[in-house]
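In the two assemblies presented below, chain A is common to both, partnered first by chain B and then by chain C.
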Partner chain A sequence: MPPLLDVRDLEAGYGPINVLHRLSLSVDPGEIVAMIGANGAGKSTTLMTLSGVVRARAGRIVFDGKDLVADRVPAHMIVRLGLAQSPEGRKIFPRLSVLENLQMGAFTRTDPDGVAKDIEKAFTMFPILRERQHQAGGLLSGGQQQMLAIARALMARPKLLLLDEPSLGLAPQIVVQIFDVIRELNRQGVSILLVEQNARMALKVAHRGYVLETGRITFTDKADVLLHDPRIRAAYLGE
Partner chain B sequence: MIPRLPHWQSVVYALFVILFVALPFVQDKRVSLYVQQLTPLFIFALLAIGLNVVVGYTGLLHLGIAAFFGIGAYTAGILSVQAFPFQQSLPVVLVAAVLASAGLGVATTAPTLRLRGDYLALVTMGFGLIITFVIRNLESITDGTRGLNPVTPTLLPGLADPDLRAARLAPGWGRYWYDYPYFYFFCLGLLVVTNLFLRNLEQSRLGRAWVALREDELAAACMGLNPAKLKLSAIALGAGIAGLAGALFAIAQQTTGGPDSYDFNRSMIALCCVILGGLGNRPGVILGVFILIGYDMVLTPELDNWIQKQQINPGGKQYLKVSGWRLFIFGAALIVMMRFRPEGLLPGARMKHELHPDEDPQENLAASGNA
Partner chain C sequence: MTPLLATDPAAAFGQFVLIGLVSGLLYALIALGYTMVYGIVELINFAHGDLFMLGCMLCLQVCLAVGALSEADAGTGPAVLAIAIMLLVAPVFCAALNLAVDRAVYKPLRTAPKLAPLVSAIGVSFIFMNIGLFWRGPTDISFPKLLLGETNLIEGSGMGFTTKDLMVVLVTIPTMIGLTLFVRYTSLGKAMRATAQNPTAAQLMGINVDRVIAATFAIGGALAGVASVVYGLYFNSVNYQMGFQNGLYAFTAAVLGGIGNIPGAVLGGVVIGLIKALGGAYIGAEWSEALIFGILIVILLFRPNGLLGARTREKV
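For the complex of A and B:
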């Protein structure tokens, strides 16, 4: 089976500075892939480039058989192809209600019945969101906002979900819940590319992992191999 | 499951509209003198709710809305005065004014789409300033500071304007359709229709997309929204409504007036109305217009008259006239507002939450409504 996402020699950056240097990675259908790395390694830039918000300077991003770089697919079309992102720091719309946030996630869709069904599905998965559906998103707690951000990204019915630091700033107990959700989503068939500073949690839930250092992939292997690699343990798992 | 307008608010709306429709029928000359002054208020309310689409919904700080007001007025002027060979009818004039303003809005905003916040504000301000100079100096078309007149398009194409004197029902009623109270009704009607249109738009996919864009452009882009297209559509609609208001303004005065009617002051006062009333909340914006411009146009001359009659100011000193304090009072009112009620007089539910998050946190958006 061809990979769902195949990135080859990707270069991207801001102004005169290149952040990603010939970065290559792939995600197979049904996989959870974790990308770990220190601050400033280029994790978020990678996701933003995949989403089309940051423009790729060279290389290929083949998603579901379509080359996003060569075809110059703009950001708002990439979501329509089935690649949705839950950005870092959650970035929910604080003044829109929970329900409206979910509806914004389905902005690209034109099937109101399907959207209503998916909102119902999101409420079943996250009962707290149903309870607070008419409240402003900004009134939710951090963990609830993260759940809303994930639910919102799912509203686009993505084939591949990009999650940027879903554990950022959350209490350990909430982090465990969020990772349960990620596992459950994957069981339902969503492929996930997960970017995390919490390397241990990320590698525990992922099938494969990549280690990113200053814009380059330095290691890649099965997640449990990385989890036990002494170099990774020393550098990212604090041992 | 969209939050609906609470029932009482619809009732208040309806009562106001009925009141405004009834006013011209009052058989009293003094009353009719006051009511005539409401026509420009309706027009400025249109201008302000147009600006509110750009600043309130989408969060683009636009400091040159008067430019579109002017484009609308001069489009109406060029298409109707004798000096040009067009002499179009009212429907053509209004449609052309809206399209010209909307088109110019898109054309001037498209190159500045990458600018945000203060930078966009500066560019729009510059654009507003340029337009007044163009109007002043393009004498062969705009007639410079004299303005184009008379701006009296025919009501319908190919038809002479009917003489409406036979239809007089109260003192002060005029002869032609562009006289009081016919034009008064027309402007009121357009204000109501535009309001209903915007109310539906606020609840629509596009309306929510604008708010999402204002809240967080990056997140909106991640949701598959096209920020460039959304900003341009907001500008097009806002400028179009401002252009409509401009055309009505020129017809109400029967002249485009000079460029001074479309200068930076006009943009600022429109923005003050939006902020005073409640950024993003249409009923609040209209209230802001009635308070600020109503004060300026109706109350100030009234107080001046009263002072003169009481012989308080026999020397006619400027500082003893209320009109001399006009801008001071505007500024002071804004400072007081910002200190005590930064969300405006009638804030939208969203804005209220942002500025007073700790007050009744259980209040939900559905109950308070997003009129």
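For the complex of A and C:
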């Protein structure tokens, strides 16, 4: 089976600065792939380039058989192809209610019944969001906002979900809860590209992993191999 | 302006409140264009007042073309036709012009430092003003009185509220209600709110942010166009500098209410209209500007985000 996402020699950045240097990676259907790396390595830039918010300067991003770079697919069309993102810092709409945030996640959809059903599903997955559905998104706690960001991205019914630092700034028991959800989503058939500074958690949940250093992939292997690699352990797992 | 009929103090006060409310609604209509554009692209569009002025000049041109030239024509076929054409043409003209300026001037500077588009907006303001000067000359031009009579609708109250005043209310309030419903319930309106709150997240939701920005300039321009029709018919005098002063009041109204906030712009407009009318009556018209901006400064000292800036959830 061809990969769902196939990135080749991707270059991207801001102004005169290139952040990503010939970055290549892939995600197969049904996979959880983790990308780990230090602050500033280019993890978020990678995801933002995949979503079309940052313009790719060279290389290929083939998603579900379509080359997003060659075809110059704009950001607002990429969601429609089935690629959604829960971004770094959650980027909840602070003055929209929780419910409206979820509806915004389904902006591209034209099936109100399906949307209503998926909102119900989100509330079942995250009961706290049901309780808070009429509260402004900006008033939620960090963990609740993270849940909302993930639920909002899922409202697009993505084939591939990009998750940027879902554990950042959250209490350990909430992190465990979030990673359980990631496993569960994957079991339901969603492929996931997970970017994390919490390398241990990420590699435990993932099938494969990439290590990103200053915009370049330096290691890639099965997740459990990376988890036991002494170099990775020293650099990213604090041992 | 509404004729003063009041003799007893209470009726006089009520009269000034009415004058303030009516002119405030007009400021509010212009203020909405400032506040919506700011809410989406964080640009103070200084050319907005002058866009409104050009709308007035176009309305005048419509009157000339149709042959509705004076009070004598009020209520006749040409007057009705002129008003109908103005209400159609002025909003479309102002929307298209605002949109074109965004395309040509502001859009290329979208990622530039905020000062660059701001200075460009000041430049566009002067260009518009010069076009107005070239178009209609430097003097005040009387705008035909096309509305039937000045019937006082609240005769016996000791106050005056004429058909003209009613016209302002009947045009501005439904326009504002329509805008509020549009922003709240339509797909484009929701996209505008989302974009105002977080443009990156809006893109990730599949919202075409460029289209949202264009729509915002178009709607803000259309509101200025509506305001220009109402202004011409109400004040019956236009000149090429009117955009500067009215734009300044409207911009102040937007800041006072909380820039980026739609109900705030309406509230700010009404507050400024009231200060101007009451201050002019009881303190002296020569102080009304100092009074407006003095009160603005005091309010901003205590509420830097404006009257509704921090409290309301709705930005655009």
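Simple rule for what comes next: the second predicted complex is superposed on the first by the 239 of 239 C-alpha atoms of A that agree within 3 Å, B and C clash if a C-alpha of one lies under 4 Å from a C-alpha of the other, contacts with A are read in each partner's own complex, and residues count from 1 in each chain.
What we mean here is this: a contact is a pair of C-beta atoms (placed from the backbone, for glycine too) under 8 Å apart; a residue touches a chain by one contact, two chains touch by 3 or more.
Everything quoted here is computed from the prediction, not taken from an experiment.
Partners chain B and chain C, brought together by superposition on chain A, clash. By the touch criterion defined above, A:Asn186 reaches neither chain B nor chain C.
In the superposition on chain A, no contact is made by A:Gln146 with either chain B or chain C. Of the two partner chains placed around the shared chain by superposition, chain B and chain C are both touched by A:Gly105. Looking at the shared chain after the overlay, A:Thr49 reaches neither chain B nor chain C. In the overlay built on the shared chain, the residue A:Arg80 is in contact with chain B and with chain C. Of the two partner chains, neither chain B nor chain C is touched by A:Ser167.
Look at A:His134: by the touch rule set out above, it reaches chain B but stays clear of chain C. With the shared chain A as the reference for superposition, chain C clashes with chain B in the stretch 129-137, and the other listed options (3-11, 129-137, 309-317 or 363-371) are free of clashes.
Chain A residues 51, 53, 74-80, 84-85, 87, 91-96, 100, 103-105, 107-108, 136, 152-153, 156 lie at the interface with chain B in one structure and with chain C in the other. Touching chain C in their complex are the following residues of chain A: 51-53, 74-80, 84-85, 87, 91-96, 100, 103-105, 107-108, 136, 152-153, 156. Of all residues in chain A, those touching chain B in their complex are 51, 53, 74-80, 84-87, 91-97, 99-100, 103-105, 107-108, 133-136, 138-139, 152-153, 156. Looking at the complex, you find that chain C touches chain A at residues 187, 190-191, 193-194, 197-198, 200-209, 312-315.
Partner chain A is touched in their complex by these residues of chain B: 1, 3, 205, 208-209, 211-212, 215-216, 218-226, 229, 350-351, 353-354, 357, 361, 364-367.
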